[in-house]
Amino acid sequence: MDIHRRSLLKGLATAGAAGAAAVTTGGLALASPERRKAPADAVGMLYDATRCIGCKTCVVACREANGLAPERSGDGLYDAPQDLSGSTKNIIKLYRDGNDSSYMKTQCMHCIDPACAAACMLGALQKREFGIVSWDGSRCVGCRYCQTACPFNIPKFEWSSANPKIVKCEMCRHLLAKGGIPACVRVCPAQAVIFGTRDELLAEAKRRIAESPGTYVPRVYGEEDGGGTQVLYLAHVDFEKLGLPKLGPEPPPNMARTVQHSIYKGFVAPVALYAVLGAVLLRNRRHPPEEAQEERS
Amino acid sequence: MTSHAQPIGGAIFTRPFRALSVIFGLAVLLILWRFAAGIGPVTGLSDGYPWGIWIAFDVVTGTALACGGYAVAILVYILNKGRYHPMVRPAILTSALGYTIAGLSLAVDVGRPWNFWKVPLFFWQWNLDSILLEVALCVTTYIVVLWIELSPAFLEPWRDSPVMPLRRAARTVTPILDRALLWFIALGMLLPTMHQSSIGGLMMLTAGKVDPLWQTPVLPLLFLVSCVGMGYAAVVFESALSATFFGRKPEKRMLAALSGAVIPVLLAYVVIRLGDIIIRGQLGRLFAFDGLSLLAIAELLMFLVPALVLLARRGRMDAGSLFRTAIVMMLAGTLYRFDTFLVAYNPGPGWAYFPAVPEMVITFGLVALEIMAYLVIVKRFPILAGGEVTAAAGGVK
Amino acid sequence: MNLWDAHPGLPPQHIKSGLHRRDFMKVITLAAASVGLTSSAAMRIAEAAFKGMKPSVIWLHFQECTGCTESLLRTAHPALSELILDLVSLDYHETLFAAAGYQAEAALKSAMAQNAGKYVCIVEGAIPTKDGGIYCKIGGRTAMDILQDVAGKAGAVIAIGSCASWGGVPSADPNPTGATGAPQLLPGKTVVTIPGCPANPYNLLGVVLQYATLGTLPALDSQGRPLFAYTRTIHEDCPRRAHFDAGRFAERFGDEGHRQGYCLYKIGCKGPETHANCSLQGFGEVGSWPIGIGHPCFGCTEQKLAFRVPLHQTVKIDRPMPPDTYPPIHADHNHISPLATGLAGVAGGALLTAGYLASKKIGASPATPDDTPGARLPAQGE
């Protein structure tokens, strides 16, 4: 290949690269999509780790309310899940480090702008009534992109089933529909987890911090983390020690949305590119290159 | 549309073919087990690592390696380099097979495949925020386009087929195809641009779980550039291999030229990747010399070194060295993809992933199927250029 | 405020047996509480007892060891004899009667005639059914006949003890006499069963008092067992449950765990599958019960367990509950198989080697001066 063509190719490549980079970063420099707000009827749960006594009644109640099979320990004597799973939607974990300890109730955070819902191709996972994120099996292909996307690693999959579901807390939608409250909240003997509208719960959480500042880490986890969640946490140890990831206020879908939409906005760019390609091909067909003509003769 | 391509003929059920079919047969049994027992017993996948080699290799890397058609089409149809025209059909065949196998892998990997058909059809349920949706739709369309682009290879011999319906179909469709093919070729260049970059974009949603050396907003660009390089490398690989093993001389000048086309792509990748790492302030991370940083350095070197070697010596390299360089380039892109999707992906402490034996055998089996299909098609249809031109379809020897 | 203030009509002291009113009320309250009746119901029971409205009780004995009667007799606070004389009218009881023979038979007949349709028939012991039921005859009549006769005219039928409830010990394999429980021989009739070996006397008392006072029987399950006593399992209310949850077990009689009072599950406790209230309501007035003295429960109330499943064979836990341990914040999910890593290594190595060898072969193909694409090699021998 002679110098002429080599530099042409190089130039094209660099130009293309620069152009694409400009588009992407330019797209990012454009205002990021705004952060979504919680729906007006958003409900949630407030878990106060300082009040939890670790009785695990919420774990049992969740199983029964949702018809989930127990996860037997190796000796078969106990229901002892080690983590959320295809048959465990709610679990109590223990953080312990020397004298420092705290219980931690783990379940879906019902994010305001969930990564799982942004990932899902046909919208099987979606925010529905009261802002509850729930799963619709008729639309789920089982691609598990939601599992990859969730920053809290919540959606679980039934790996040993021929008809696998995505399993996670859905705030007992079926009970809420009949005017009830989530099973875990109903049975908690210490009122460590309470239920209400997100605004009420946030206000209550802040009130508790104001009233006894020494008791709590002085912020409510979920107020803005990851764009805000409808399940809120109060604790006396760092949230990261309880397994809650450090997330900025930007919801995870926004970065991908920015890049995706800036390139595909109105589908203009692909159509334009197609037109350009078509034009070049037409032009080349009318002027076959010399090498090809040599070949044919 | 005349071509110098010929079926290369020869027996189908050679020893290598039989060996491949054994592997594929085993894979079929394991796939049946997977559908009966669920994905868990067959793979090393878990809630921490829901995507494994079936995604990272079969789909993500497999489609990138199958970008030969895309890469050669740019050369031949956009840059108008007619002398590479004989490479188009084999490249399109490899692409078509590669993407089809990727589609089959997805059908095996996906947990609820009975809803799979809803993805392209149920447009009112489409979630336009989902990058994976774009990938799925684009790849599905591209598979169709590839087989249409390849169809002249089937229509040519069928034009003289003794089977009347085939003959009539071939003779009716060919002139239509001749006029319309251009628009499919254009589509065949638009679509990979879209989905190969989107495949990179998939991991943008997992912010926080991918190591900062890989997590970047320019993931789509890096995946696009590297896939073009992998496409050229795959074409060099495939043409050198098939030429030698079917008793033909590898076209050294062609290989050298193709290898040359890769150089700017490789350099562009290195520049963009390094630039991105520096701009995001991760240069210190790059030289932390822990496992991940060493992998990132390895990726960069595997892209850079072949580029420099080719720049300096490709005129003097023999076909074997060019072949080895192509392998390094393919491995570079493969490593980059494995790292982005699996190795640099960290869901948190306590999770680990390594593919299980049945999982690997299924992958090997699907690759074996691809090779078997390739062998059958090149032996019975005019794909590879070269050999005496005979009147009868069905090959020379 | 106390009972006497609310009911000034009641005398300061109970008349007949001189039972002090405090003890009297204690008994009433205990009995009422064991049935789940409120204190207001207890007052009504006291009133009814005082007014002498005592129900007639006819107590039948069949294939039994008399243990249920004996356990009733071992209540001492007050002596049960006084209780039975004051609260119910015990018109026929073979163990406690002074009379015998024709006199006893006459008493039975007259009690049945006087209180037909109203008396409480209590059955203790299983009823043999083989060979026409000849294996238990009293006064020339088979147990089967006596049961049909007496229970047939009763206002309420109570089967006390496992033997009367479902056959008990006499019905253990090979059951040579065809021993059966009363309910099976009284189809269509509501029979309250109070299984146990022996039954807990307070369970009986609660049922009888409710019937005496309110004329009703307590809610029963599908086997006729009162829900107030037989809804929950021993395991659910066991005082040693904390040891079970924490994984502290006695492994053998007399070992350290046994001495410490740890859970007896591993030496065969049938508590998880046994419905009874022994852990809440002990025996013998001092709250003693088998597990309390260090012997595993053998499931005496349950037909599927007692005298069927070996004493020291463990049972399955049907409804497992969380243990006393907690999963950590980040559980260990590791499960990589070394075979897989080995295979991957072998495959990877094989592929790289194959690639290298192929490259050598490719390089070895001689180049011809005519470098047109696809020119054939001269006869390479295919």
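Chains here go by letter, A, B and C, matching the order in which they are written, and residues are numbered from 1 within each.
We take it that a residue touches a chain if its C-beta (ideal position, glycine included) is under 8 Å from a C-beta of that chain, and two chains touch if they have at least 3 such contacts.
Not measured: the values here are computed from a predicted model.
Asker: Which pairing of chains accounts for the highest number of C-beta contacts?
Answerer: Result: the chain pair A-B has the most contacts.
Asker: Closest chain to the overall C-alpha centroid, by per-chain C-alpha centroid: which is it?
Answerer: A
Asker: Centroid of chain A to centroid of chain B, CA atoms only: how many Å?
Answerer: Between these chains, centre-to-centre, one finds 30 Å.
Asker: In angstrom, rounded to a whole number, how far apart do the mean CA points of chain B and chain C lie?
Answerer: A distance of 67 Å separates the two centres.
Asker: State, to the nearest whole Å, the distance from the C-alpha centre of chain A to the C-alpha centre of chain C.
Answerer: So the centre of chain A lies 48 Å away from the centre of chain C.
Asker: Mind pulling the residue numbers of chain B that touch at least two other chains?
Answerer: 46-48, 348
Asker: Would you please write down the residue numbers of chain C that are in contact with two or more other chains?
Answerer: If we look for residues of chain C contacting two or more partner chains, we find 330-333.
Asker: Enumerate the residues of chain A that touch no fewer than two other chains.
Answerer: Answer for chain A, listing residues that touch two or more other chains: 83, 243.
Asker: Flag every residue of chain C that touches chain A in the complex, lowest number first.
Answerer: Spelled out, the residues of chain C in touch with chain A are 244-245, 265, 316-317, 319-323, 325-333.
Asker: If we count contacts the way the header does, which residues on chain B are in touch with chain C in the complex?
Answerer: Residues 4, 10, 44, 46-48, 86, 240-241, 243-244, 247-254, 318-321, 323-324, 327, 348-357, 359-360, 364, 384-388, 397.
Asker: Flag every residue of chain C that touches chain B in the complex, lowest number first.
Answerer: Against chain B, chain C makes touches at 330-337, 339-341, 343-344, 347, 355-356, 358-368, 371, 373-377, 380, 382.
Asker: Can you list the chain A residues touching chain C in their complex?
Answerer: These residues of chain A touch chain C: 54, 56, 59-60, 70, 72-73, 76-83, 91-96, 103-104, 241-243.
Asker: Please output the residues of chain B touching chain A within their complex, sorted ascending.
Answerer: Checking each residue of chain B against chain A gives 35-41, 45-48, 50-51, 77-83, 85, 109-113, 115-116, 118-119, 122, 125-127, 129-134, 136, 182-183, 185-187, 189-190, 193-194, 198, 201-209, 217-218, 220-221, 224-225, 257, 260-261, 263-265, 267-268, 271-272, 345, 347-348.
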